[in-house]
Amino acid sequence: MTEQTEPTVQTEPTVQTGTAQPSGKNLEISHLVKQYANADRPVLDDITLTVPAGKVTVVLGPSGSGKSTLLRTVAGLEPIQGGEIALDGEVIASGKSGNAKSGRQQRSSDLRTRVGMVFQSYDLFPNKTVLGNITLAPTIVQKRPKADAEREALELLGRVGLADRKDAWPHELSGGQRQRVAICRALILHPEIMLFDEVTAALDPEMVREVLDVIVELADQGLTMMIVTHEMAFARAIADRIVLLDGGHIVEQSDDAERFFTDPASERAWQFLRTFQFKRHE
Amino acid sequence: MQGAEILLQPGVFPRLLQGLWVTVWIAGVSVGLSVPVGLLVGWLMTLRNPLIRILMRIYLDFIRIMPQLALLFIAFYGFAQAWGWNLDATGACVLVFVLWGGAELGDLVRGALESIPKSQYESAYVLGLSPWQTFSRVILPQAVRRLLPASVNLATRIVKTTSLAVLLGVVEVIKVGQQIIDAHRFEFPTATLWIYGVIFFMYFIVCWPLSIVARRLEKRWAHD
Amino acid sequence: ACGPSASTPSEAGDTASASGNTSATKARSLDEIKKSGELKVAVFSDKAPFGYVDKDGKYQGYDVYFAEQLAKDLGVTPKYTSVDPAARVDVLTSNKVDLVLANFTVTDERAQKVDFAKPYMKVALGVVSPDSKVIKNVDELKGKTLIIAKGTTAETYFGTNYPDVKLQKYDQYADAYNALLDGRGDAFSTDNTEVLAWAKANKGFTVGITKLGDEDTIAPAVQKGNTELLNFVNDEIVKLGKDKFFHKDYQQTLEPVYGDEVNPDDIVVEGGEL
Amino acid sequence: MDWAFMTHYAPYFVNAGYMTVFISFFGVLLAVVLGLLCAAVEITRIPVLYQIVRAYIELSRNTPLLVQLYFLFFGLPKLGVVWSAETCAIIGLAFLGGSYMSEALRGGLEAVPTIQHESAQMLGFSKAQAFIHIILPQALSTAIPGVVANVIFLVKESSVVSAIALADVMYVTKDLIGMYYDTYESLTLLIITYLVILLPISIVGTLLERRFDYARR
Amino acid sequence: MTEQTEPTVQTEPTVQTGTAQPSGKNLEISHLVKQYANADRPVLDDITLTVPAGKVTVVLGPSGSGKSTLLRTVAGLEPIQGGEIALDGEVIASGKSGNAKSGRQQRSSDLRTRVGMVFQSYDLFPNKTVLGNITLAPTIVQKRPKADAEREALELLGRVGLADRKDAWPHELSGGQRQRVAICRALILHPEIMLFDEVTAALDPEMVREVLDVIVELADQGLTMMIVTHEMAFARAIADRIVLLDGGHIVEQSDDAERFFTDPASERAWQFLRTFQFKRHE
C-alpha cells in the first residue's frame, strides 16, 4: 500500500499505438443538439467544439451539465437530434430530429473501433481473463490472428504495469487495475481518439494516481483525448484545452489551462472552481 | 360448449366453493402457523452454535430436497405408525406445510436478517440504542420489508401445494370436483373438462391476487 | 370449531391438539364412541352406488346405508371420512376411523393388518371393456393395458396371477372410469358388481368377463384387536340378517342401478352366512 | 425394517426412478426452451406476444401442477384431445416450468449492466457477436442458481404425475403401501430414491454455480 | 444543479449544540493497541494522540493504514487490546489482551451518546423518515419528549439546509443530503466529540461541497472533531491538527496544517502528499 506512490510512468514509450504520431485527425463537433426521449428540453444545445488532434481536451462542469452525454454522442452511444460530429473531416454522426427514441446509432463496426472509450464504472467482461478482455475485440471484430493480438496485449499490459496479471480475472483486480486494463482494451484497437468519462470517480486516491499516470503517459505520446474528470489537479496538469459545460451549453473554452484555473474569463467558471476550494472562518 | 350446463346444476357451484374453502383453510392455517415457526427457525439459523447450525442445515435441506408429496406420504403413513400419532389427512397436510413453510420462511428470515448492513447496527450502537432497541426499532422493521414479498410468494406456493391434499384423500376442492364428476357421470360425460377447468381457475383466482401483492411490495420496497 | 364446514378439515383442530397424544392409535372402546356421540366410518365418496356423495353433497350408497343403521343402533350419529382404496388399512391402523365400510374385500394380507367382521356382500372380479373390442377372456388381456384402482382386489389379483397384463393404476375410481372412457386402457377391472352397474349406465361398454378369480366376500373392518366393536358389528349383522336388512339396502341403493338384470342373492349376504 | 422386502422391491424403485428422471428430463428441457422464448419476448416487448406471454406466466405460476395435469389428462379428451400420460406429464411440467425458467433467465439477461452492451459496442462488436461472447455468458452465470433451483423444483413437482397413472416413484410407493401395507419400507425406499435423484442435481448445481460465478463477484 | 455552488454556510450559528462553547473536554489516546481477531499483527500499534477540545484533528494516511479503525475504537465499535482512551479524563476504553474476538465494547448507552460518528456509507435507517431518523435516539435513548426532539431536529435540519425535506424517506435523498441528515442525527445527542470517517468518499463533487460546508460550520462553532478524509484541500482548510498514519503508526503530527502540506517534516509525508499532485512531461 505504501510503496505504490512512485508513479508508474515510463518516459520512453516502447510501443507505438496507431496514434503515437500526432496524425492531424481532429474531431469537429458543430451545432450539436441532443435531447433524450421524454425530456422537455435538450441536454446539449448547440454545442460547437473542436478537439484538436494529438491534444488533450478536458471537459469540466457541474453534475448534470451534459459532460457524459457529450462523450456518449461522440462515441455513437446516443443518437443526436441536430448538428454533426466529424472525425478527420468524415461525418460520423449527424442530427435527425425525431430519432430521440431510437437506441444507439447505427455505426459500422469499423467506425466504432476508431473511437475508444473508458467509462466510470468498471466495465471489463467478467467472464474473460485480463488477456481475454483485451484480445476479444481484435480477434473477433478485426479478425486479427490470436497470437498477434496477444503479443500486442502483453506489450500494452507491460506499459500499464500489469504484465504479471494477464491471467487474472477481473474480480481479482483492484479498481485501479481494472481501469488500466480497460484502457489497454481500448488501445489495442488503435483508436484515433480516446474518450475518458470520470474513469477515476469510483477509485481510492492511490488508485486514482495509478490510472491517471497512464493517461498522462498517453497524452505525452500525443494521443488525441477527450477527458471528463473531477480531479482538478489532474485536469490542470494534463489539459491542452479546457471546455466548461453548464446546463448543456459551453460556458467557457480555453487553450491555456493554467490561466483557466487561476483567472477564468467567466463568472460561471469562477463559481465552478470555487466548489473545489475551502476556506475556514469566512 | 356442450356440457357446460353442469356448472349451473343446483349445488355444484356452492359445493365447489365449499371445497375451495377447505383448500384455503388448510393453506391459511398452514401459513399462519408457519410464521411463528419460520421466525424461530430463522433466528436459530443466525446463531453461531455449530450443533444448531448443522441441525438446521439438515432440516432445511431435507425439507427442500424431498417432494412435498413425498413429505405428505411420510407424515400421513409414516408418522402415524411410527409414533402413533393420530394424524388424519388434513392434519398431515397442515403438519407438512408448516414444517415446509417454516423451513422456507426461516431461510428467508435468516437471509433478511443477514442482508441488513453492519453499518445499521453500528449506527444504532453509536447513537446509544440498546441491543433490544436496535433489533425492534431498526433491524426488524427493515427485515420485515425485505421478507414480505418473498413470504407472500411462499404463501402462494403453499396454496398451490394444498392441491396435493386430494392424494391423501382430503375432501377439498379437487375431491369435491371428482365427486361431482362421478355423481353426474351419466348426464354429463364431459363434466371433467368443465369441473377441472373451473378448479384450475379457482386456484388462479386465489393465488393471483397474492402474486400481485407480492410484486407490488417488491416494487415498493425495491429501493432499500 | 373454526374449521370449514365442508368435511374432514373440522377434524384438523382435534388433530392439532391430539398430535402429541401417542396413545391415540389405540382404537376407541364402544363406550368412548357412545360418549363422543359419533361413529367414525371410512367410506368411499366416488364409488356409486356403494359409497358416493350425491348431488346434494350427502353420502349415499349400499355401504353408507349399512353404516347409518349401525350408528342408529349404537345411538350415535355416523361421521364419514372419505378414503381412497389404498388408504383403507391405514385409516384403521392409525385409528383415524373406528370402522371401514368401503367395499373392503377380505384378503389374507389385509386380515393380517385389520380385523374383518362377518361379510355383508360377496363379489368376484369383473372386466368391462368397450363394445368395439370386448374382452371376453382373461388371456385376451395379455400385453394389453388394464385399468384398475389402487388398493383394490383387482390389483393384487392381476399383479400375482397375470404379470404380463399391463396395469394402469389410478387413485380414484372416478379417474379410472374416465381413463376407460378416454380410451387410455383396453379394459377396466374391479368388483363385478361395480363394473356391471357402470356398464349399464355407460353406453358403449360391456362387461365381457363377469366372474373372475375366487368369489370374495366384502366385510366391515375394525382395527386389529378391537374385539368390542368387532363383536358389536357381528351381532348387528346377524340381527339385521333376520330382518333381511341387506335386501332392503339392495333395493334402496343398488336396484335402481342394476335393475333386474342382477339377482340380489348373487350379491347380498345376510347374517354373515354365505 | 423388513430387509427382504426392501431388496425385493428396490428394483421397482429403480424403474420408477427412471420414469421420474425421464419425465423430468424432457419436462425441464422443454421448460428451458419455453422459458428462453418467453424471456426473449419479455425483454423485447414484442406487442401482442408480450401480453400473451404475461398471461401465460400468470396462469402457470398461479395454478397447481396437479390441476393442470387433471385438466390435460381428464379434461382435454372431452374436447377430443387425447394425449398419453407421458405427454401430459411432460407438457404439464413444461407449462409449469416455462414461467419459472423464463423468470430466472430474464433476470439473468436483465442483470447484465447496460455498460457491458455499450463497451461491446464501442469495441466494434456486432449485436450477435456481443450477445454470444459477452452478454449470454454473463446472463447464464447470474441465472444458473435460479435455473438449478427450478430444475430441482420441477423434479420434485414431477411426483404428482402418479395421479395420472405414470409409474414414477410416488406411484410405486403408493402401490406398495396399498398392496402390502409395508409402509416403513416403502417410505424408506421412497426417500432413498429421491435422494439418489436429487442430491446429484443439487451438487452439480452448486458446482456449476461456483464455476460460473464470475458475474456475481 | 447549477445554482447549488453557493456554499450553505451560515456564519451566525442559530442553534447551540452541547459543544458550542469549547468545553475543555479533550480526548486522550495513549499507547492504543488494536489487533483484529485472526490477524497476525496489530492494525494500530502504540498510538498516543491528543485530540484537543474545540479543535479539528484531521487523520490522513494511505488506504489500510488504520484510520477507520482508529475512529472505530474511539466510538466503541471495536474493543482494544492495549492502552486506553480517555474522554475528558474519564477512561472510556482500555485494552485487554484476549478480547480481540468479542464484538463491540461494552459501553453504557449514555457514554455512547457522548461520542458522535458519521460513516462513509449512507447509514440512515431506511425505515424511518428524515425526522424519524433524527428523533429516534433522543426519544428512546434519552427519553426526551417527542415534541422537544422534533423541535430541535427541525432546527438542525434548517441549519444544514434541509428543513423542507423533513418528511422525506432516505431513499428519496441524494447522497449529500443523506450525509447531512446523518450529521444532524448525531448532533441532536449533543456529543462532546464528533468523528467523521470519509463522509464524502461516495459523493459527487458538488455534494461533497455541501457536506463539507456543514462540517466547516461545526468547526467554526468549536465542536471537537476527528476527521478522516481524502479531500486534501478540505483537510488543509479545516485542520487545526494533522495526524498522518501509516501501517498502524503515527508518522507525523503537526499543529500547523499549512506547513504540513507545503513542507512536511518526514519523507513519508512528502511521499504521501505527492500522490495528490500531477505533473506532465516530467
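We call the chains A, B, C, D and E, going by the order they appear; numbering starts again at 1 in every chain.
Here is the rule we use: a residue touches a chain if its C-beta (ideal position, glycine included) is under 8 Å from a C-beta of that chain, and two chains touch if they have at least 3 such contacts.
Predicted model only: the values in this text are computed from it and were never measured.
Within the contact network of the assembly, the step distance from chain A to chain C comes to 2.
Two chain pairs, A-D and B-D, are weighed by contacting C-beta pairs, with B-D ahead. Distance between chain B and chain D, defined via averaged C-alpha coordinates, is recorded as 20 Å. In terms of their C-alpha centroids, the spacing between chain A and chain E amounts to 35 Å. A straight line joining the Cα centres of chain B and chain E is 48 Å long. Look at where the CA atoms of chain C average out and do the same for chain D: the two points lie 38 Å apart. Shared interface positions of chain D, i.e. residues touching 2 or more other chains, are given as 74, 77, 162-163, 174, 177, 183. Across the assembly, chain E contributes no residue that touches 2 or more other chains.
In chain B, the positions touching at least two other chains are 77, 81, 167, 189, 192.
Here the chains touching each other pair up as A-D, A-E, B-C, B-D, B-E, C-D.
By the touch criterion given at the top, residues 75-77, 104, 109-110, 112-113, 115-117, 119, 121, 123, 125-127, 136-137, 140-142, 169-171, 185-186, 189 of chain A touch chain D in their complex. Against chain B, in their complex, chain C makes its touches with residues 3-9, 11-12, 15-16, 18-19, 21-25, 45-48, 52-57, 81-84, 87, 90, 93-96, 171-175, 177-178, 181, 201-202.
On the side of chain D, the complex with chain C involves touching residues 74, 77, 82, 84-85, 162-165, 171, 174-175, 177-181, 183.
Of all the residues in chain E, the ones that touch chain A in their complex are 1-2, 4-6, 9, 11, 62-65, 204-206, 209, 212, 216, 219-220, 230, 233-234, 236-238, 246-247, 268, 271-272, 274-282.
Contact residues on chain B toward chain D in their complex (touch as defined above): 3, 64-70, 73-74, 77-78, 81-82, 156, 160-164, 166-167, 174, 189-190, 192-194, 196-197, 199-200, 203-204, 207-208, 210-211.
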